[in-house]
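The same subunit A turns up in both complexes below, where it pairs with subunit B and then with subunit C.
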Partner chain A sequence: MPSATVNSRRPIELLSRLASDEPEVKVRALREVKNQIIGNRTKKLSFLKLGAVPAVAGILADSADDVMDSNCDNNNVNNILVQSATVLGSFACGFDAGVQAVLDAGAFLNLLRLLSNSNEKVVDAGARALRMIYQSKLAPKYDFLQRKNMEFLISLLNSENENVSGLGASIITHSCKTSLEQKALFDAGILRKLDSLLEGGSLSQRDASLESIAAIFKNNPEVISKFAGPEIGRPLSSVIDLVKDRYPRTRLLACMCLIVIRNTSPHFLQDLGIKTTLIHILLELLDDPGQVGYEAPFAFSSLIAQREDIQKLALEANAIDKLHHHLQKGPLHPRHYEGILLALADMCSKLESCRSKFLSLQVLNLVTDALTDNSADVRTAACICLKSVTRSIKVAALGAICNVVVDFTTRKSIFIQCGGIKQLVELAKSMESAVRSNALWALKNFVFLADNRLKEDVFSELTASMLSSLICDPEPCVQEQALALVRNLVDGYINSIEFVFAEDGLILGAIGRQLQSSSKAEIGIQGMYALCNVASGNEFHKEAVMHQLFPQTGDKNQSYMIKFLLSNDSQLRTATVWTIVNLTCPSSPGASGRLEKLRNAGIVSQLKNMVNDSCVDVKLRVRTVLGQSMGFGDN
Partner chain B sequence: MSLFWIAIRQLAEIEEQMATSKKVITREEWEKRLNDIKIRKEDMNKLVMNFLVTEGYVEAAEKFRIESGAEPDIDLATITDRMAVKRAVQCGNVEDAIEKVNDLNPEILDTNPQLFFHLQQQRLIELIRNGKVEEALEFAQEELAPRGEENQSFLEELERTVSLLAFEDVSNCPVGELLDISQRLKTANEVNAAILTSQSHEKDPKLPSLLKMLIWAQNQLDEKAAYPRINDLSNATLEDPAV
Partner chain C sequence: MPVRVAEISAPSQVSGTISRHTSPPACTLLSVGQAFSGTQNVSSIQKEEAWRVNVRIQGCDLEHGYLCGTMEALNVPMADTPVVTFWEGEIVDTKNYTFFTGKWDASPEDDKRHWTKFPSFLPLLSQVEIDGGKSLDLSNCPYIFMRWKEQYFVNVGTDCGLTIAGFYYVCFSCSDGSINGFYYDPNSSPFQKLELKSTNEGRSGFSFSSYELQ
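For the complex of A and B:
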């Protein structure tokens, strides 16, 4: 049907009809609102903004009063009560803004009043709405310690009506926090009642009971021992049976209940069979579509956290493969994503075997993708996961990290936030040379083309003295990486060059010493490029480089420069010539003086021999130098 | 003897045979063994009642209850409501179905985003089927698009459905199967199952599982013996073993 009907269903129109005096119009409008908002979060939001909740709460309040008035048409009144309570319940269903609005509108007490109504449907609607409220953390705290309240709670649990007894259980799950409350509930015989619901109740009653039982047991070994008694068997056995129930949500809640018991009183449920069952069931539940699948990894985490024995069992059950499989199936709901990442983090928190498995499956790439996810929770979980995996001293892990950090700025700042730099610097102090070398490699990549602030952060963590001692490390591979790190540090912005001058030129001196003593080409290359970058600076910088290249104390007049120029390694020759280019750049005032020194050391004549060097880079740069030198009126 | 009895006895007998290792069993032998198996009438009645209730045959269930004394495990009144919902979807009156489900149990659609999405999807399909293109466009924008925003996993199906709007000849387009009656039945079954679950009732009747078990068991025994088989479930006649 065309526009007329469509317009009359628009939210604003509906709200005005809610205010009608005619009960039939009111009921129809309420039903219309109800049918529009159920299942529809977007509509709930728009109705909320228009003030629907106070309007409906007002109707509920008026009608609740009308019930007392015997002149009123009960049928109509009941209809209005049912529909308005249902609307409020729907606003509160899984929607915190809705819960808040319902509470702010003062509907809570009126909903409670509905529980004592004679009409079953009215009671249902009221109980449902209250149950929705109690599933949110925003629900009002229930004071179990007051006798009146405890009695009311017991009456709820004893009700034949599923929704009402379910409400009782929801209240316990929501509000039972302290051990005092747990004891009070136990003393009032609530646990026995809940256990009977486990055995003989309906699906929703069983689920609600499982949650409540977990709430009463949580962190309270005394209550657990009282309840389970010397014969652990009976009450716990109902929960254990439900782990294999046909409904996924029931299985999940049963697992969570057992995990609470086990984490509170570890001597219970030591049986290997139970541990294995829990692992298998939870891993299976990961596949379940919807809420159950999203919550399963969190339950899994609580099972394995800090518990090496269970982590080992889980590894054997292919937990990491399964979690990996889920990461591969994108796109993931944020909650699911977060849960899987945290589960992986817990799996890899202690056991080297788990970390190896993680790396061998190449899960790392998927985890680093998560570093740039829209959800902050997902990003945090990814960092926690990475931290967990990199506790390994395995070189492979670091190798992977190196590839991670070359990337974009966002990833870099997150890496820092997660203490990644601190960790890498720690690793650079390792006893194992391979670890030191890889840590430096990662840091080198990290500062590549990074902005100055990032470089300063890294440098302040590393310190000049540590870096210079790494340059002079006993192992050549470490020396090479350290020099490469310096090269990247001083590259770019002219202020970066100052790093090598820190603490009286510690680093610059170390470079010079290393170039002097080393025979390996790789070290020469990195060291030379580092000097080359320094030489691209101002007068002071260039002179400082000269000082390193031609140390005053020299019986050996031949600088290692000649050695490098004569090297078979073209990269080394290139690096050396580039340095000379920078030192003799005509725009600098001291260029001619430096050129003179170079000539005296026989370097210029050596260069003349290289005008036809086999390497193009070398050839071109040599010609540049010679061209520059012509400008000083020579040859 | 009812076909049902035959099938159940067959199953019980096979399970016994699996334990022994006979090669060929004649019909005479087989039937003799079948006769020795005791099946309780009450169990049979329960199975029948379970089937009638789950499939929604209210009047039949009511009559059966009176004539056999078997008690249904749920309130027959709720079956009527549930069947009304199922029929509404099967007839394409999705809006009506939604209203009925919400009257029955407002939590079902509030806690079942996938079901809700499929119902909205069906509404769109019906609008397109009836040629109400403008209304369909408006509906897609106002009602379906938000579902995709709320939940990314719906996006693919959403796109498929909306693409129906792009075709002149909808019955011959790549997503044309959405207009099939089978799509309505799919949605109807989904709603039916959700209602049954909310009533803590199993969504599938037991009888089909039993028959599946029979077929499987026969296949298993085939490897060990030749015996009279039931090949046609609808008449449950024993066919002689191949010699």
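For the complex of A and C:
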């Protein structure tokens, strides 16, 4: 017997002993490898680099063949099979490079063969190894639609061995993606089998079944209704019971299964009690140490996302306080951190009451801390959270109100001092249209109700020529934001109308051209409001707007005004009528002349057709115009 | 998500899932950025007094029946600068809020007493007496009824000698943007009237800004 020395445990040594002809040496070497790599990623990597996986896969292959040979000592062969399968399983456990290596070494089929071995331990080792592989995205896709594959799967699920039936469930969880596959599994009676594992199986079988059931139901309302149809009571109630199981992982998986059902077919599980239970259980699971605690906030997010009613219930259950409490505990595992931040983002996505709660607890500081975390996922989650919270209308309003009180140390001027405007203007020149559009959006909000000095700063940075070319940008979303920005620039103090006249009316001309050529309502709305705002100025301004609306004088050319008045979009009709209100405002000397032009262009008679417009806002403005026009002796 | 219509059980109680177009119409004159000016009558038995008031809408969320804004009171005797407050409004849309206040020390009797002071409310009175107006269809009503509650002082301290304990019953006219309101505070003179008109801020016509949160 080789004596055990320190050196004989080095990877290279072990590998050479793997190649030994003596079964006992092989077995001991395999055991040693197994002991070294278990739970040790670094060791796995170093053994991998030395080619350990193909070596062990080769041993597995040879021994699998030996089983057929009746001359062989079965005991030794079985030991080798068990140990080599275990080692391969260990390489694959939570380690994608290991999974890949095992698959590349062609071990998959041999592991499958182990499942039909007569020795229980061999079957078990094979099943465990395969389960490890199936936890990875890299596992081979299982073709459920082939009959013999389905039969094999059923045989796995029917096995007494919990690793084998667990493997069956893992295969479903991993590979079942399409509705065709879901239906095939349903038709083969798999759901009933899984349900019986829920009721009578071991812990590991229950957990595996919950995941598989969720995979079969996901986004497939038809399967859900078939399964839980007339007999809705029993199968669904097994899952519901497990929500209160004593094992945290089971509770989590049961919650996730119910959430899948609810999100696919909202009319099931409407019961208030269920919603409240799910909320409470998931919030409790946040406290669980380890994987369950890390995954719980993600499950919570999937429960509440887009659903105001559940967010309200969660708020009442103190969800925000609890999430806040976790942030305070820190330092957090990155996955946990990310999950909590995203859960807060979802909580604050719709309800003002949630955002108020968030702000009142002063969670904001903790979230902004996360902006500088090492993990990119955490930083992203923090941004998403902040974006969700600052969507608060009240917060935005209060921000604007700052300007009422504080004169020049407002947040806006600090922003300018830090070069914020320059940055935004640079972004408005980006090659990416989404970036241009968002930069303009930010600038638009920035100049909303801003004082003239601020508007001048923005305008001089942007320049008239850049703004007019953005109005004529190739992308409609950019055009729209540029026009909205102009709209805001010319609102407020009356002198700000002059912006559109800069450089010989560059901007005004661009607006007119864009309104002429665009067919999108959103562009019409913003452009028309920009003109409307200009038309609320003095005589000169009103005449300039008329010139844009009716470029060919003395020509009965149909202006785009008529097209807009006939639009299906009520906002566009409203904007257009407001412009006419302003142009015919009686306090202006030239109003009657403009009214005449509008009449000649058929606009007044079109308005008369709109006195009972379906949109109240439009109807009232039309009546205002017609009322104003009476004053000029309209017949 | 596809849902089989035949299998939908009783309609959800959750607000917003049933689409009922009975809320008051959206009105451009009551939108973010719009300004109004006028007076608030603060007369008491001792003397006649009125403050000039400017109001601006700072935020608007029609789906939740919410709006907010600022109110600036000028020529307030006790203050040496204009006094600015921040208020939040509830829009009576029969979905989020009804004509019955249900808080702020206002009983249904107080509510009725105030709403009936607006001539435009009278056609709605009988239905309101039955169910608070929950079954009214306000989608064609050219008036919007609201409650405005001042939440805090923006530029002065709470020791300025002024109170914002009460709230306003407000009636907004969609056709010309005029606003009428009555201040309700059990500890102040009753029915102090607020009368505002949409301002053009020196312009000859109306102008509208755009503010959007993504």
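As a convention for this text, the second predicted complex is superposed on the first by the 389 of 635 C-alpha atoms of A that agree within 3 Å, B and C clash if a C-alpha of one lies under 4 Å from a C-alpha of the other, contacts with A are read in each partner's own complex, and residues count from 1 in each chain.
Rule of thumb we're sticking to: contacts are C-beta pairs under 8 Å (C-beta built on N, C-alpha and C of every residue); 3 or more make two chains touch, one makes a residue touch a chain.
Predicted, not measured: the structure shown is a model, and the values here were computed from it.
> Let me test your reading of the model: by the given contact rule, A:Leu620 touches which partner, first (subunit B), second (subunit C), both or neither?
second
> For A:Ser90, decide between first (touching subunit B), second (touching subunit C), both and neither.
first
> Determine, under the contact definition given at the top, whether A:Asn35 touches first (subunit B), second (subunit C), both, or neither.
First partner only, subunit B.
> So in the superposed three-chain picture, is A:Ser204 touching just subunit B, just subunit C, both, or none of them (first/second/both/neither)?
In the superposition, A:Ser204 touches subunit B alone.
> Would you mind checking which one, subunit B or subunit C, touches more residues on subunit A?
The larger set of subunit A residues in touch belongs to C.
> Using the touch definition from the top, say if A:Gly290 reaches subunit B (first), subunit C (second), both or neither.
It touches subunit B, and subunit C stays clear.
> Please give the residue numbers of subunit B that touch subunit A in the complex, ascending.
98-99, 102, 106-107, 109-114, 116, 135, 138, 143, 146, 149-153, 197, 200, 202
> Enumerate the contact residues on subunit C facing subunit A in the complex.
Where subunit C meets subunit A, its residues are 1-4, 7-9, 12, 14, 16-17, 25-28, 32-33, 56, 58-61, 64, 66, 68-70, 72, 84, 86, 88, 139-140, 142, 154-155, 174-176, 200-214.
> Spell out the part of subunit A that touches subunit B in their complex, as residue ranges.
Those residues of subunit A that touch subunit B are 2, 6, 31, 34-35, 38-43, 86, 89-90, 93-94, 128, 202-204, 246-247, 289-290, 331, 333.
> Report the residues of subunit A in contact with subunit C in the complex, numbered from low to high.
Subunit A residues touching subunit C: 219, 221, 225, 263-267, 270, 308-309, 352, 387, 390-391, 393-394, 396-398, 400-401, 404-405, 441, 444-445, 448-449, 484, 487-488, 490-494, 526, 529, 532-533, 535-538, 542, 574, 578, 581-583, 585, 587-588, 615-617, 620-621, 623-624.
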